[in-house]
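Per-chain residue numbering starts at 1, and chain names A, B and C are given in the order in which the chains are listed.
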Amino acid sequence: MRDTIQLSAGEVLAVEGITVQFGGIRAIDGVGFTVKRGELLGLIGPNGAGKTTMLKTITGLVKPKEGTVRLNGEAVAELAPHRRARAGLALTHQIVRPFRSMSALDNVTLAAGHRKTANVLGALLHLDRRAESARARELLERLGIAQYADAPSGTLPLGVLKRLEVARALAIEPSILLLDEPLAGLNHVEAERLADTVRELNADGMTIVIIEHNLREVQRICQRLVVLDNGRKLAEGLPGEVLANPDVIAAYIGKGGDDARVA
Amino acid sequence: MGAYELSLFTVIGINVILALSLNLISGYCGQISLGHAAFYGIGAYAAALAGKAGLPFAACVVLAMVVAGSLGALVGGISLRVRHDFLAITTMGVGFLFLGVVRSSDWLGGELGISQIPAAGFDKPMYLVLVLACAALVAAFSVYIKRSWMGAAFDAIADDEDTAGVLGIDVARNKIVAFAIGTALAGLAGALYAYYTRFIGLDSFGFVTSISVLSMVVIGGIGSVWGVVGATVLLTLMPELFRFINDYKLLVYGGLLFAVMRFAPGGLAALIGGGLTRLRRA
Amino acid sequence: MLYLELLVQGLIQGSLYAMIAVGLTLVYGMLRILHIAHAGLFTLGGYLAVTVMNATGSLGAAALAAMASAALAGMAIYRLAYQPILDKPPFVALVASIGLYIALEEVFRLVFGPYGLAFAQPPLQTPVAALGLSLKAGELAMAATALIAMAGLYAFANHTRLGTAWRATVDEPQIAESFGVNPVRVRYLVFLIGSALAGLAGLFVAVLSNQVEPTMGAVPSYKALAIIVLGGLGDVRGSLVAALALGVVEAFGTIYLGDVLDRDALAFAFMIAVLMLRPQGLLGGR
């Protein structure tokens, strides 16, 4: 069975009829959804539902057997990572990966210079980093970690690094931001604060897809949810309705209560 | 300045160019190469053959850089397939392959090498000035790259190439460019060496040379231009300084390589940098 | 007949490579270090074997001396050289190891003289007829020793408690530690076994060429590096296959491509060609 989608002008990301096969196992079976400009969409599901595989398909790490991924109308699944980044796709990893040899500010400055580094030889002709550095400082402030700007990124605590990842991803001026479990590993307070920040970024116009296990925060900040289970799309809709859906509850409980952190 | 000093300083200048050229690849872009001497050799052989064919000195130098840089870009292509330790050993293989090809090719002089390379047309002091000027230019160029956005992209790739890609940096092209520039400069060093000795043989371009160059880069402090220049001068002078213990000089050399890595893995740059910080605090 | 002879010669050479490469790949698998100084242990084994053999006349004592000296030196290298720099970037250990190897070569030159040593009465030189070919007893002994050593290693890794601990430490260091396996002891074990085999390989090379010299470790060790890369770095089975494959490729290549490339260049051309097709090594999955 395939989900069909209608093309509309406001779409940033369109995933259509994706099927991913690993050996004999169907990790994803004909899933499709769209993300509208300015939306904050949550992609949820119990462990093994296919969320990570879906993310990897969108970012091009996994090649689907069938289906297409379009970013602003352009098919991206075949593109190398840097080409997808330039097409407007930014992502943060579940496990933070700062450039450890650089300060927090330099991490973001580097990403902010994406137009200059895009031309490999042309990059040799540009020395000035002031504009990028200023933009990077703005983003650090935006994420509330400006005070760590000059600290070597290898020494920063996880909560700061999670925010640094988001700042760095925003610096490439994406049309959509994919967050892979940004709240994982954070304590209750830190998670709530970062979720608030994500919601503010969205309120300012950034289109965001968040993959998250923390259902409490997902319900609080997302406008719409897509639920995957066993590689299929189980439900889609408003957070309140989706999380009240008996199938969704059964899917989570059936997999053990660990993931269902609905308070 | 006597003949001895002239030749010693000329060799230092050539080694500085060679070490800085590897520093671009291994220090800036993070691609460890154990076969850099091959490109030094390719430059030397290209210049020598071109010179014997009647090309003027300047043309030979340019040709050497183009040939070495083109083959270097090809090896840069290899670095897209294999990474890290795989790459180090693959480049080592490239070095041995170069030796093997030259050894069994008569037109490259085989085991005998190439002799009677024409003179560059400068007397020895002028040649030294030329070599040192080239070394200074290469050092300045290195510092410039580091400050440019290309240097920033190299930094990112050296640190974490997957993340660099996600941030829009074309990792493959940057690596190829790093290899091309670095090996072209190694070709420059090779050409200057060929015209300096006017005889070249395989002994100068073997694995030991690759290792020595890497040692200069690593002992200097990988990525640091001034550290690498300092280490190159020191390591080139060392066998001369230790001539009174001639039998032990390689032992001292090996021991020093080991000791620096064991006790100061950041190299001279970190050692001196750290020392300065401590002094300021005191 | 020529094919068979080349194949047998290739496998014999490959068995030597295997004895050297196993230690390298074990060390790499556990510590991610390209252990260049391993070649020095091979040379040490060769020197000790010749010295002890000439002094006692006993091949057994020579073998024991070769293995014991290499094993002790290997463990000392781990403790004094590698253990303190394990957390540094990989090139640090690589360059340290290269420095150590250069220094070791020089020590051999200073202690045993620059011209090398030879057996007073070279052992295992009798020709033996096998498979219609005439081989030296030493060649057969080397191939047999390599086979026995690999079989023993396999049995040890799979059928003893220590072997299980060892495999666990390589595959899942944290889990192994939580089950009470002491990773440091396992590392010593790896250096002990790998180095002893390298020392034994040194003995056989000394026997077959009746000559040991300070630089004898260089070429075999570069080849061994090529082999462990071909094998997939850290994969013991892959390294064994690669060692035998390289021996055979060299044997045939020297005959058929000898005009184009010499033996050593052939080995590396083979390595580069394979890596371009299979960047993860011969047996590696993608």
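By our rule, contacts are C-beta pairs under 8 Å (C-beta built on N, C-alpha and C of every residue); 3 or more make two chains touch, one makes a residue touch a chain.
Predicted model, so just to flag it, every value in this text is computed and none were measured.
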Margin query: What's the contact topology between the chains, one of line, ring, star, complete, other?
Written below: line
Checklist line | Chain pair showing more contacts of the two, A-B and B-C | finding: B-C
Next item on the list: Pick the chain whose C-alpha centre of mass, unweighted, sits closest to the average of all protein C-alpha coordinates shown.
Entry: B
Check: When the centre of a chain is set as the mean of its C-alpha atoms, what distance in Å lies between chain A and chain C?
Finding: 48
Notebook entry, point to check: Taking each chain's centre as its mean C-alpha position, how far apart are chain A and chain B in Å?
Noted result: 43
Next item on the list: Could you put a whole-Å number on the gap between the CA centroids of chain B and chain C?
Entry: 30
Check: chain C: which residues touch two or more other chains?
Finding: none
Next item on the list: Spell out the residues on chain B that touch chain C in their complex, using ranges where they run on.
Entry: 26, 32, 78, 81-82, 84-86, 88-90, 92-94, 96-97, 99-101, 103-104, 207, 211, 214-215, 218, 222, 247-248, 250-251, 253-262, 265
Check: Given the complex with chain B, which residues does chain C contribute to the contact?
Finding: 28, 32, 34, 81, 84-85, 88-96, 98-107, 110, 218, 222, 225-226, 229, 233, 259-262, 264-269, 271-272, 275-276, 279
Margin query: Applying the document's contact rule, which stretches of chain B touch chain A when the two form their complex?
Written below: 144-145, 147-150, 152-153, 155-156, 158-160, 162-174, 177
Next item on the list: Note which residues of chain A are touching chain B in the complex, please.
Entry: 59, 80-82, 85-86, 90-91, 93, 97, 99-102, 109-111, 113-114, 116-118, 120-121, 123-127, 129, 168, 171-172
